[in-house]
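Structures follow.
Both complexes shown next keep chain A, but they swap its partner, so chain B is in the first and chain C is in the second.
Here is the complex of A and B:
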């Protein structure tokens, strides 16, 4: 079973929830899909973690074979190729690796070479299996790293917790693509509400089962009222707690603490009931 | 157009709260929200007359079933897993990146590329000009949409005018698009281990653009020892540290009433004003 944690807005507590739930759940996998700013490993401190590169392809022009017909530059929809001063130039960062240029070249002057887009780290923290993707700085899109992460966990019997990126775009959609259940996390502010509504629409579009966690809960019922109106199951309300905030800020797994463990245990129990129903 | 961009790497550190305060303090002629995947700035500032336009992202492929001979070449060549087969070949519009390789390899011209609406751009004309946009759910091309938001500002302003731009979290395409052409970036960090790690990655990203960089810490009293660590780290990189803003639960209450933290005098409002003055001094230096 795959459970994705998402929020639209950043900083609402996606990593807090996915780290602590995967820590408590027996036989589980934590996957950090926020490849632009991955933070899961700051909690799951694993010495000597195994690291593998994620590669992508980009075109290399054989300038001796190229006669400057510019079929490739005309074809590229991503402006990754340009004809400048009589030569085809490649802008690697803009390339989406579609392979179109090498297909259209009539002189076979284009070959594709591998370059490193980022990496995937893998290891164990007690009985929790941990994967974390990291995009190289300066790259535009980490979607292929997310795809590779999900490939690694697609044939498992374990419960997989997916820590999604913020936002509402292609990376988020990719990270929830195989999820059986989505946990939406929101904080009680007008920003939190607006972004919750966006990810709620996203999960509806893909017919996902969902539950909601209200984090940093105050006496403002803005999110609670929204959940009632949309008939979304509320899994928990985690009150604004400075002690929890400070522990979490230091990279501690708060579910190890007797005071906070019950919050996460009760969320796990509720999800079990929901998924089985 | 003199552009001050507000970024953070990590989400939820307070970009929009600080941007909205700066907009009020500066009385900037114009401002923009480049967080097109989760825009929020429109919720807090008073807006003027609204004009919206559909945003066309990349074209998408469509298969004409009456021409398709089911050879499967399109699926073989698609690198984005965007072509499904369940008796007939179909394009998954959420996966299609618009490269048109499928159209090129189709031996019977059964594939055409069509214009697809991926979101909406909006201009508000009030006392201040406000450019914003919203990406459609699950769409790609957020970088291109960010560029449109900035173009919409530019086409309405003269060169000397000062603008404030609220950015998006992360370090990928929308952030890179928002960085292009700005004069200065103010990075809003938070004193958590995650905040420190994300700060390092956004500083590295911003450095590629050779813009002025300054850093402030929001909610500094949540973890004062990490705040000191961030300050030391930033100063070690010879980047300007422009101030610390305390955590105060009243801020969210003000925002929920559509106000900004500087609408009421408090430690937070004074701190934001100091950060603002320090940042503007660097921008104008």
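Here is the complex of A and C:
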């Protein structure tokens, strides 16, 4: 079973939830898919973690074979190829490694080469298996790293908790693509509501089962009212609590504390019921 | 000399677009014959790399001078590689910007 945790806005509590839920759940895997700025390992401190490179393909043009027909530059939807001063120029950071350019080239002047896009870290923290992806600085798309992360956990009987990137772009879509259940996290603010609405629509498009966690809950009922209107199940409201905030900011797993553990346990129980129903 | 300018609406009375890759039109002016042509920017709604495509267009027009308020980092590399000079546009219309350039009143970026 895969459970994705997502929120439109950054800093609402995706990592807080996915780390603590995966820590409490038995037989679980935590996967940090926020490859642009992964922070799950701040909580899951694992010495000497195993690290593997993630490679991706990009086109290399044989300028002697190329006659400048521009079929490849017309084909590329990502504008990673441009015909400039009689030569095809490759913009690696825009390339999505689809390989289409080498297929449409009538002269076989395009071959694909590997480059390092980022890395995947893997280890164990107590009983929890931990994966974390990290994209190299200067790269523009982490989708390939997320694909590789999910590939590693695709044939498991463990419960997989996916810590998604913020927003509702390609990398978020990739990270929820295989999910059986999505937890949306929102904080009660206008910005929080706006971005919750964006991810809500995304999960509707993907036909996902969803539940909502209101983090930093206050007297402001802006998110609560929205959930009622859209008939989204509210899994929990985590109060704005100084002690919880401090522990979390110090990289501690708050579910280890008796005071906060019940919040996360009740979320896990509710999800179990939801997924089985 | 060919001067290319990204524009908001079509023609010399348009304002200069404050976006290069995602401008609506390009105005390509030939100083020899004192005539300008308008081109639609077909890549403006692309999801990425539109600056690359805009630069490709500018270069393929055999542009000598690009007048624009700003250019992205990838575009600037491509355009400078093609020995095209970039001048900073004022917030006036296209025609005024061309006159100012010809009177050496624009700053090189």
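Just so we're on the same page, the second predicted complex is superposed on the first by the 236 of 277 C-alpha atoms of A that agree within 3 Å, B and C clash if a C-alpha of one lies under 4 Å from a C-alpha of the other, contacts with A are read in each partner's own complex, and residues count from 1 in each chain.
Everything below uses one rule, namely that a residue touches a chain if its C-beta (ideal position, glycine included) is under 8 Å from a C-beta of that chain, and two chains touch if they have at least 3 such contacts.
In this text, all values refer to a predicted model and were calculated from it rather than measured experimentally.
By the touch criterion defined above, A:211 reaches neither chain B nor chain C. In the superposed pair of complexes, A:91 makes contact with chain C only, with no contact to chain B. Of the two partner chains placed around the shared chain by superposition, chain B and chain C are both touched by A:140. In the superposition on chain A, A:222 makes contact with chain B only, not with chain C. In the overlay built on the shared chain, the residue A:83 is in contact with chain C alone; chain B does not reach it.
Legend: residue contacts after superposition of the two complexes on their common chain; A:201 is shown touching chain B, with no touch to chain C. Contact with neither chain B nor chain C is seen for A:59 once the two complexes are overlaid on the shared chain. When the two complexes are overlaid on their common chain A, residue A:103 makes contact with chain B while staying clear of chain C. Touching more residues of chain A than its counterpart among chain B and chain C is B.
Residues 77-78, 140 of chain A lie at the contact with chain B in one complex and at the contact with chain C in the other.
Interface residues of chain C facing chain A in the complex, by the touch rule stated above, are 43, 46-50, 52-53, 55-56, 59-60, 74, 78, 81-82. Across the complex, chain B meets chain A through its residues 8-13, 16, 37-38, 40, 43-44, 58-59, 77, 79-81, 94, 97-101, 104-105, 135, 137-140, 142-143, 168-174, 176, 190-195, 197-198, 201-202, 204-205, 208, 222-223, 226, 249, 252-253, 255-256, 258. Residues of chain A touching chain B in their complex: 8-12, 15, 36-37, 39, 42, 75, 77-78, 96-100, 103-104, 135, 137-142, 147, 165-173, 187-191, 194-195, 198, 201-202, 205, 218, 220, 222, 240, 242, 245-246, 248-251. Considering their complex, residues 73, 77-80, 82-85, 89, 91, 94, 140 of chain A touch chain C.
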